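To keep things simple, chains are lettered A, B and C as they appear, and every chain counts its residues starting from 1.
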Amino acid sequence: MSDYLLIQALNGLVIGVIYAVIAAGLTVIFSILKIVNFAHGEVYMMGGYFAYFAIALAGLPPLAAVLVAMATAFLLSVAVERTLLTPLYSPTTERKGDYGILITFGISIFLRNIALIIYGPYPLRPPSFWPGVLVIGGLTMTWDRVFAAGAGIAMLVGLLWFMNRTIWGEALNAVSQSRESAAIVGINPQRFYMLAFGLGGALAGGAGALVGPIYSLSPSMGLLPDTQAFAIVILGGMGSVSGSIIAGLLIGLSESMFVAVFPDPSRSLTYAQAFSLLVLMVVLLVRPTGLFGRVHTAME
Amino acid sequence: MLIEARGLTRNFGGITAVDHLDLAVRQGELVGLIGPNGSGKTTTINLLTGHLAPASGHILVRDTPADGLSASAFAARKVGRTFQITQLFSRMSVLENMLVPGLARAHSTWAEATRAARRHLEFLGLSHLEKLQAKNLSGGQQKLLELGRALMLDPEILFLDEPFAGVNPFLRDEIIVLIQTLHAEGRSFVVVDHDIEAIQRLVQRLVVMARGAKIADGTVDEVRANQEVLLAYAGV
Amino acid sequence: MRASQIAVFVVLGALVLAFPLLVNAYWLTVAILALFYAIVAASWALLAGYAGQFSFGHMAFVSLGAYTSGLLVMSFGVPIPLGMAAGVVLCAVVGAAIGYTCLRMRGPYLALFTVAFSEVLRIVIVSENEVTGGSGGLEVTPLFHTRSDAPYYYVGLVLLGVSLGLMVWLERSRWGLFFRAIRENEDAAAAAGVRVLRFRVLVFAITSSFAGLAGGFFGHYIGILTPDIGSVDQMGLVVAMAVIGGAESLYAATVGALLCEALVEALRSYEQWRLVIFGALLLLTIRFARNGLLALAYQAVRQRGLRGLVSRKAGS
């Protein structure tokens, strides 16, 4: 019995890493563009499909496919940002907060339905990245999960390194703290909004790519992880990447444990989905500013 | 006492913005509240008008407890205020901005509220702008409109947060006259500002705050001679 | 009013009343659904556009109203009007609760919370399939047992008329002024003596009631309820209808819903592309015509007059 729980916990940590990647992307977008991006889950979904097609059509190896997915997600996000989000930086746009909510909500509806057309409504099970199972002692885990965890951790480490050790990352940080000051020292904020939104999207896309072989792909797969990512971002403190990582692991773990101990197995999976939604609702009620982070600053 | 703070304290994170403040304002007073930046003046106003809850201490309005009341409850008790950065209903017309407090009062009718609103607008010189959206007013006009909105509560006491900030000298003089006229009508004032010259022309009593505490309270001359005040402004 | 305007109104009125006699059964269905969406879109416009509360949980109340009435009627034999009334009351209570608990939430947080709430409700309905029929659907007694859908059309018309009437009356009252003040600036509204909590609770309770009413009507018309009616995609459709029409005007949102529903049906042959087209239309409207396309058209007509618009096109 405890072996089962341990496996569930490990699986929970794996999915926690994935959540952390999604949430980290959301955090980057939030802290620099100052909007809550409702379309994040759809970029995650697109990433999953991009990876699948990279393998199915171009025969790429798994790691390359994930990178291709991230690159494509980056480009998609930049395209969205340039065409639809620029009013958020213009002084003539009124009520930027409302605009951000509506436009990203609209983008999510649009992307989800485009996906329904292109990919069809039925779930798609991509082939395994690394077939087979890892066995250590009494514990088993599919290699796909191991790969996902490893790649996810690599992405997170890469992000932290980028944000804290490169000049681009420092510039992003500067822009997130004060747009005007950053402009005065010669940083072009516009370029960094593009970079931030693209980077956030790339992370989401990468997470989606990793998740495909584990949970299969469908056009509506982005909805739930999206709300989970929000819960994580808020819990971790909006604007804190490391906070999101810790919170992501926590939520992944507790979600898995919830499924494991839920008394009614026929309902455990569907109510597991409700679990993270309820976490989000509770977090929003109690601490809109999260546990680790800076207070939310409005755009106007 | 019209309004009284006893031992009022408020913290933000690790900083004590208001530190066991005792402040009492009588009916008919015109009080100036000054102090260096960050001394807690705006926080004091927010506490005394229900926009912030104190960590400890008590507030009394007309000698009855007002602890835990919301901002709208204070407004209903005829405690009015303006904001440091004007907070108007941008996409509503000037008249509508005035009608909101007018109609929020118990037992008010549209006719009465509209009459009162127009009366105040005329007093403030804004009548011709009645139909304009508030966001299209000039900065000075917006300040006047905010004052008008507070007047619609028929307030017995008005807290003005930096009414002279960023205002040209002509408008400043106009605002001084407006305050004096309203004071002569019987309304009490607590005016926060950094424009010491304007404050001195206006007030009889001056309260000085520094680092969340009251360091002086007396006539203008008394305060001017106070060493501690000079040191506070010098940043010591 | 001028004679010509009166004449226009009379003709329009006659057309509206005689509509079921003029169209086939398919378009009558479309019209009835359009009436349903109009009530939902208008009440959402009141909540989000007018009162500034961006809730994405509106369809959850439609679902709640529909299922409440449906379950009461099917399981306890409650007469339909009573069932619908119960749905409305439940939605008012739950809506009030949301308005109360979310008081501290501004903008995107409220949107997030209400999306989560909406999804949780949908998941509960799907999971408790013994009671609700789950994804398979719940059969619900129809309101009428006639061959033609015409009675539904007239009931829908009355419901829309009453709902719109109440909402317009609300907007013109002092409450409407307070809603707008809260939308513009909550702190200033409080300083002006507006009891923000009370009015937020009220606007949520009222608009949720209308959604519940529409839901009850929908359920007893369609005859079979599925949890999808409360899905985020349905919410997106309603948002699109209200925003494309004009989210800050009840009339624009209503007409927007009617036109959009007609458009949805007219594009039926395009299947899934319809929602894509709507999504694109929504994005374009938000991006380039924030007050809504109808508001844009209305302005153009006001500025140049109908004749001016036509002659401009002919001349150029």
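Here is the rule we go by: contacts are C-beta pairs under 8 Å (C-beta built on N, C-alpha and C of every residue); 3 or more make two chains touch, one makes a residue touch a chain.
Everything numeric in this text was worked out from a predicted model, so none of it was measured.
Each chain gets a centre from the mean of its Cα atoms; the one farthest from the centre of chain B is A. The chain pair with the larger count of C-beta pairs in contact, out of A-C and B-C, is A-C. Here the spacing of chain A and chain B, counted between their Cα centres, is 47 Å.
Centre-to-centre spacing of chain A and chain C amounts to 32 Å, using the average Cα coordinate of each chain. Between chain B and chain C the centroid-to-centroid distance comes to 43 Å (mean Cα coordinates, whole Å). Shared interface positions of chain C, i.e. residues touching 2 or more other chains, are not present. Under the contact definition stated at the top, not a single residue of chain A touches 2 or more other chains. Residues of chain B in contact with at least two other chains: none.
Within the complex formed with chain A, the residues of chain C that make contact are 52, 54, 56, 101-102, 104-109, 111-113, 115-117, 119-120, 123-124, 126-127, 232-233, 236, 239-240, 243, 272-273, 275-276, 278-280, 282-283, 286-287, 290.
By the touch criterion stated above, chain B contacts chain C in their complex at residues 49-51, 70-72, 75-76, 80-81, 83, 87-92, 96, 99-101, 103-105, 110, 149-150, 152-153.
If you check the complex, the residues on chain A that touch chain C are 35-36, 38, 83-84, 87, 94, 97-103, 105-110, 112-114, 116-117, 223-224, 227, 230, 267, 270-271, 273-274, 277-278, 280-281, 284-285, 288, 298. Residue ranges on chain C touching chain B, taken from their complex, read 174, 177-178, 180-181, 184-185, 187-197.
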